[in-house]
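Letters A, B, C, D, E, F, G and H mark the chains in the order given here, with residues in each chain numbered from 1 onward.
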Amino acid sequence: MDPRRLRDLLERLQRGETSVEQALALLRRLPYADLEMAKVDHHRPLRQGAPEVIFGEGKTSQQIAAIATELLGAGQNVLVTRLDEGKAAALAPALPGLCYVATARLGRLESSPPVRRPCAPVAVVAAGTSDIPVAEEAAETLGALGLEASRLYDVGVAGIHRLLAHAEELQGASAAIVVAGMEGALPSVVGGIVGCPVVAVPTSVGYGTALGGLTALFAMLTSCAPGVCVVNIDNGFGAAMCVHRMLPAAARQVQP
Amino acid sequence: MDPRRLRDLLERLQRGETSVEQALALLRRLPYADLEMAKVDHHRPLRQGAPEVIFGEGKTSQQIAAIATELLGAGQNVLVTRLDEGKAAALAPALPGLCYVATARLGRLESSPPVRRPCAPVAVVAAGTSDIPVAEEAAETLGALGLEASRLYDVGVAGIHRLLAHAEELQGASAAIVVAGMEGALPSVVGGIVGCPVVAVPTSVGYGTALGGLTALFAMLTSCAPGVCVVNIDNGFGAAMCVHRMLPAAARQVQP
Amino acid sequence: MDPRRLRDLLERLQRGETSVEQALALLRRLPYADLEMAKVDHHRPLRQGAPEVIFGEGKTSQQIAAIATELLGAGQNVLVTRLDEGKAAALAPALPGLCYVATARLGRLESSPPVRRPCAPVAVVAAGTSDIPVAEEAAETLGALGLEASRLYDVGVAGIHRLLAHAEELQGASAAIVVAGMEGALPSVVGGIVGCPVVAVPTSVGYGTALGGLTALFAMLTSCAPGVCVVNIDNGFGAAMCVHRMLPAAARQVQP
Amino acid sequence: MDPRRLRDLLERLQRGETSVEQALALLRRLPYADLEMAKVDHHRPLRQGAPEVIFGEGKTSQQIAAIATELLGAGQNVLVTRLDEGKAAALAPALPGLCYVATARLGRLESSPPVRRPCAPVAVVAAGTSDIPVAEEAAETLGALGLEASRLYDVGVAGIHRLLAHAEELQGASAAIVVAGMEGALPSVVGGIVGCPVVAVPTSVGYGTALGGLTALFAMLTSCAPGVCVVNIDNGFGAAMCVHRMLPAAARQVQP
Amino acid sequence: MDPRRLRDLLERLQRGETSVEQALALLRRLPYADLEMAKVDHHRPLRQGAPEVIFGEGKTSQQIAAIATELLGAGQNVLVTRLDEGKAAALAPALPGLCYVATARLGRLESSPPVRRPCAPVAVVAAGTSDIPVAEEAAETLGALGLEASRLYDVGVAGIHRLLAHAEELQGASAAIVVAGMEGALPSVVGGIVGCPVVAVPTSVGYGTALGGLTALFAMLTSCAPGVCVVNIDNGFGAAMCVHRMLPAAARQVQP
Amino acid sequence: MDPRRLRDLLERLQRGETSVEQALALLRRLPYADLEMAKVDHHRPLRQGAPEVIFGEGKTSQQIAAIATELLGAGQNVLVTRLDEGKAAALAPALPGLCYVATARLGRLESSPPVRRPCAPVAVVAAGTSDIPVAEEAAETLGALGLEASRLYDVGVAGIHRLLAHAEELQGASAAIVVAGMEGALPSVVGGIVGCPVVAVPTSVGYGTALGGLTALFAMLTSCAPGVCVVNIDNGFGAAMCVHRMLPAAARQVQP
Amino acid sequence: MDPRRLRDLLERLQRGETSVEQALALLRRLPYADLEMAKVDHHRPLRQGAPEVIFGEGKTSQQIAAIATELLGAGQNVLVTRLDEGKAAALAPALPGLCYVATARLGRLESSPPVRRPCAPVAVVAAGTSDIPVAEEAAETLGALGLEASRLYDVGVAGIHRLLAHAEELQGASAAIVVAGMEGALPSVVGGIVGCPVVAVPTSVGYGTALGGLTALFAMLTSCAPGVCVVNIDNGFGAAMCVHRMLPAAARQVQP
Amino acid sequence: MDPRRLRDLLERLQRGETSVEQALALLRRLPYADLEMAKVDHHRPLRQGAPEVIFGEGKTSQQIAAIATELLGAGQNVLVTRLDEGKAAALAPALPGLCYVATARLGRLESSPPVRRPCAPVAVVAAGTSDIPVAEEAAETLGALGLEASRLYDVGVAGIHRLLAHAEELQGASAAIVVAGMEGALPSVVGGIVGCPVVAVPTSVGYGTALGGLTALFAMLTSCAPGVCVVNIDNGFGAAMCVHRMLPAAARQVQP
């Protein structure tokens, strides 16, 4: 509930235009309505051209189509993550404009192009070719959020010179998302080269002691480069959302 | 090595003021000197009043005193983390100006006060009273980095109204560091209330299935609030460094 | 063996109507028969309209049909849990009255409707839509036990206002079953709002550090809300049985 | 905020006895005040002679004394859990009436004796002598909550006849708290004998594969006796609080 | 090499009937031949009507048929464990006499019936119906080893009276193999009732915290009944072999 | 209750020497008394010179002295396991005849020497010198049970010839207890050399990936030598009790 | 960049044949080019007839064919590891000379035969028949690297004499790769027999407590034979590469 | 037993200088004596100035002194690992020449200086200062084995330029021992720079998700640099022994 609407209500009560009973009934719902309002500030940047997100895993294509159609009707852009090829194909008739990105396993459907944020690109760095699907999930989500992604793939630590050849590019990024499986060492190295925020994403790539991504996760959390933060295994979407939270904060500050 | 110094070297060679052998000898050290230079941009914000950090655990008070004395001599501020009371007392004679913060288990020694950053305070939120040492490590580190900390303690999810009473304050923060042990649920709730960056810090508080902080860590990583990122167990320092990385990025953008 | 039957036996022996040998033969089976009797008090509430339960997983549809037919012949209601759609279809000809609830993966077949218990509804709360199958298993089992379920779904902690909007409803419940995967934080919040018994059910929903439900389980066990108890991962049936144990106890006390 | 106070406020506004600004200022604090009120129903049973609980671990005796003194001043009973012998001795001068129970590692200080609840005793069952401290923590907490504990110790499953000898006593209990370490099998057996609620408490007793209580915990969660629920390792206090939540529910129902 | 053959060799060398070179050539192979001989005593009881065992998992039906045919040609009985129905069908033409036991997932092919051992039956006890395949693997292997199995199924600890009804039968067994999944409590109870050897077999039955049999395994190893020993998860064959090792030892002693 | 006593009771009832009420009162205790009787057969071999066992860990020396004194008064031999040197010294005055074996961390106090069992020695094999305390716990317990132990220490698999040098001795044993930490490989090798029962005892010896004995435990359970069984980590006492269960079984069979 | 090329550049600058700007542009890329050069020494032995390796898992047959074709065009030998039968068949038309080794799950395609290294064969030892695929991956990779493999299979520790029969052969090897699943004991025994390097490879063979190879891995790491080193679970390729690193080192030393 | 001694024995038997009985008695010990002989080749390089190793942990200073004295009497050099300062001081009187290296926690006592091996130094690389004790254990052991260690410390991946500055030095080493805790990333980077053998040693340095060294261990095993091998956590001694095994192999090859 909007503070102005609350003031209106009280003034109407004062003026005798509403009864105490009616006011009480409205106020009963106040606590959480008020809270909802409190969240507007948070949701505003998202709603300015930003997509509503549907987690596709565990939903049928019918369910996804229904939710997406409703969102589109409200003028929202839509992002569907963890969307496999089969479901994407099944969605096509119901969502004709859906753009499916197979590598990233997601679909985008945009009523209006996302508003481009006024900041340097976000570096999306992947250690190996098997980490690319997770990196692409991050990069495509960034795109849907109005952030430019600068991809830098196959630069794992066993061939450290390949990464170092891009040091300058990395140092110009507004943030870095670093995706790695196996021993998960890449974020430590990147964190030592750049001063911008570094979000590490462990992947489930590897076998044996890779332990489905737990080894990379633990390695990233004990990183010897200070100030590196970590999201869940294979969670490219979460890393992009994490960067999204950082950059509005910056944007707010530039305004006088 | 500074690009200008490199250009000087080449010009002196061109002018015959230096020999090929001397140039080769200097260039042999180039790759890493150059890299060092590349890192200047990253180190600059740190060096503008920011402390050099000494991890105190596993070092003797003599070793800490020696390193700190050298840094102070170079005009650096010094921050010593994981410093227990005994060592702090032993350091006093050698480092007379050392300000020891027992709760945060760290010491600060500042030649000049840290330059205050032009941004809103960082909310440091702790679930229970046992989580306060880790929260204070974060808050004091923020202070040493020129960032204001707004402390909000004992607001765990089992008494959710205590947290909600501070919703407005949280929504005005430039970032939130959320510290919690046991079930580690607080970052999810905070992440749902605010739009700014949320860095979650699991603590080793709890017994039995708290598993020394692993349960809180895993819970935070699977948080249902998108865009929450996580650092290592009990790593309040790392969370502050993580926020430190975000806010310079913002600062860079405000400059025309 | 009924105490009255034991007394009969002894009196018949006293009166010479039976021999010592015959009495000995009967008494040899006494220990466990007596124990069986001891359990009657426990089973009685279950048998008053309550179903006999068949765990469907790992049983063929023929086996299930055979057991169910026998139980129905004895006038029992039947509840088949963990029953997949294929087996349910295969059961249809043999068990014509079977009511299959696909979401809850269970089948109910009731000779007579369960006797409705004289108590307030049991709140069945689910954090996300993926937790609904487990919540429904609990809700349907409650129904089969004569307990009314009040469903409250998709109220996870990242949007805490959705849960709080139902605080009053929760506070009127006779017990709450709280189902959550991922970080498993919901029971702590509910436990802080209500005074009634709270049974937490972790689910295997989530990926990466969700660890197949172990993270939610451990988080629930270290809950900072005192008096929350926990059942096995995905065990909606067990949570309902747990509530079932609580409410008969109440029922016994109301009788003079 | 009390609904009556809200109605008063609105009526005073209607009658012109207060201004819209004053009403707005009061209502700003409404959401959480209202929520607080909502919790009254939950806290009421606790406050009727029930203790306020201080978790003693990690607090100094001074801190404990200060909190306890404040609570006593407000007419509250006090329960201090996880209180070691040293701290208890140090507390004695400050809290003269403190009754310390060494086996249960807790202290009770009661302004007025807890109101006795009108229900059958709660059976507190312990598998081995090493499990007694946890069982006593549960039993003493029950006492402080106005519930009678019926202790039944050293009845582990390797001598099953010792347990069975008390079957009748168990079947008369209003609830059973079953405490066991090592293989944690006792709750399954008790759950098969009684129909009342069974709260299982794993203990950290045992070595090697006892894994500090995790084995007992997991065993209890996979119990083949349906409707057994579990609390954290060594959490006797939590088990008593769990039973405390159940029995008010019962009490509410007996009222016409 | 047989000691007598060694003596022969030395005597022939002494008598000049063989050369030093020939003796050296023979002795070069002595260490392991001698060792082989040492093992004869161990293999003898196995070879008296006992089967040679083929672990069927991971072998093709052709491979199994080839090995079995060779063994049969040498007059051996054959036991194929972990043999699924498909492979058993595929084996039928090549091994016409093969008796396939589907429940136990094994096949027996016996040139001559196993020699019956002169001892009481071995009790094979299973907690639930899902544990029966593992129990049957044990029971059938016992049969193939000349030992009689006395099956006692579905006697889990949640209905302890069912087990106790067979106490006498258990007490007459020469050994007990106790098979249980979930909380794995049955061996503790059986170990408290009988004095004979108890071999516990955890099974992978259960879900969630059953952890694929690890919980039952750990519970059995921390059993409070002394002298219970344990084999690997689902290893019914190993339990039977374990009993097989015990009973020959007995047999040796009866001979004067 | 003895069957003869039951027959007496019934005959006295038949003869009118007792009333139905008195018989009922006696029979009420029958189930468990009968069970107790059933256990006599199991306890008999233990009581023929066998010790009663006190687990010393977690008991004070006063408690141990009290229990031991009571047992001695009843003519029992006493074995105290997990008894550290301090407690043993403190026990000396109260238990003058106590023989403390420091290496095995146990004390023996025997009214009469244990009856020597008529069977070959039990081989107690230890891989390394650090495993000796656990091996000695097994060996001394065997001694207290009337079984001769044949010690074979420091024969780990990295120097396999040391073990093989004793192959003959091993092959003559009535059973083998094989104690090993680190990689726990010794039982597999011993199991391949001997045909007698092999009880494997993992120890907590080792560091890093020895994981406190879990690695040795798991290795022993997956042993490629069939029929090897395992007890808990460091549980030398349990291994001896396991052998104790085997050899009575043998003994029973030799009697006509 | 080659040092000679660097000297050329500087000399041309000195002679005025190039400008400072051109030199700067070239030197900008120096750090990593220089590093690349530094790696030549490392890559040289690989390139002398050694294959380029393609990890086949997670790549489509088209992707593999494209990479292989490019490498072959550059005159390289190609080794494709983790290549399943289906993909190998699909590759056949595109890579006509591909030699697929089904057991080792790899394909070799060699423009010129690998240069044979002047050293004794490498012993490849496998404990059981199920370990052979991993052993063959190692052996075939050795072959592709110009090293002779001497296979020794099915010599697990439960039949230690089979291994010992080959002691002499093992002692003549230039290195030993020891492959074992289950309890992973074989490398300890081999390490005690030979003085050459021993690389242990745990396999995922086994069930239950084999824990997918972790038990063998941990056992190998705690091996009581000093100087045994370990690679990842099932990583036969890595073991061969590890030996490959050792033997060039040797080769370098023989040159004067 | 030496083949020549065996031939002697047979010839003496042939000549009648010994009896069959005496020959049999000697040959009874042959299998393992022969095996011992087989091991001579392995032990020879160790005995040429190489130390006998005593693992000091868990041994008293008396025990260590006794073993060392015996070895010295036999002309052996002695190396005592895991020797804490207290024991080293206690050893001083008994072992006057003992050289104690506190950082490496070991003592060396050399009758004659180790024979220097004819190969390039072994690089011992440590990521952080806390890893130095483990690195020094490796370096000192190398010294005792006649191998020169080239130390390179504090070159962790977060400041990758520090490592790269020593690339040339690393590339000249005969082998590299790479010691790292926390995320354990250093061996991957080193493995990508050098072609020589790389032995990775995880350390228990770090907290939280460092998991006592398991994270570094697992990371090293999943290293993306092929051919890196790993030893147990904190096992600097083992790494040196591993290199020791490699270099004799090389030495053998240089001989014509």
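Please note the rule applied: a residue touches a chain if its C-beta (ideal position, glycine included) is under 8 Å from a C-beta of that chain, and two chains touch if they have at least 3 such contacts.
In this text, all values refer to a predicted model and were calculated from it rather than measured experimentally.
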Measuring between Cα centroids, which chain is at the maximum distance from subunit D? G
So subunit F and subunit G: same face meeting same face, with over half the numbers shared, or different? same
Report the inter-centroid distance (CA atoms only) between subunit A and subunit C in whole Å. 40
In angstrom, rounded to a whole number, how far apart do the mean CA points of subunit E and subunit F lie? 24
Two or more other chains are touched by the subunit H residues 31-32, 35, 39, 160, 164, 192-193, 207-209, 214, 217, 221-222, 226, 232-233
Chains that touch, pairwise: A-B, A-C, A-D, A-G, A-H, B-C, B-D, B-G, B-H, C-D, C-E, C-F, D-E, D-F, E-F, E-G, E-H, F-G, F-H, G-H
Within their complex, state which residues of subunit F touch subunit G. 127-128, 156-160, 164, 182-185, 188-189, 191-193, 206-211, 214-226
If you look only at subunit H, which of its residues touch subunit B in the complex? 130, 160-162, 164-165, 207-209
Sites on subunit B touched by subunit G in the complex: 3, 6-7, 10-11, 13-14, 16, 20, 23-24, 27, 30-32, 34-35
Contact residues on subunit A for subunit B in the complex? 35, 38-39, 41-46, 53, 118-119, 164, 167-168, 171, 174-175, 192-199, 217, 221-222, 226-233, 237-239, 241-242, 244-254
Sites on subunit E touched by subunit G in the complex: 31-32, 35-36, 39, 58, 202, 204, 213-214, 217, 232-235
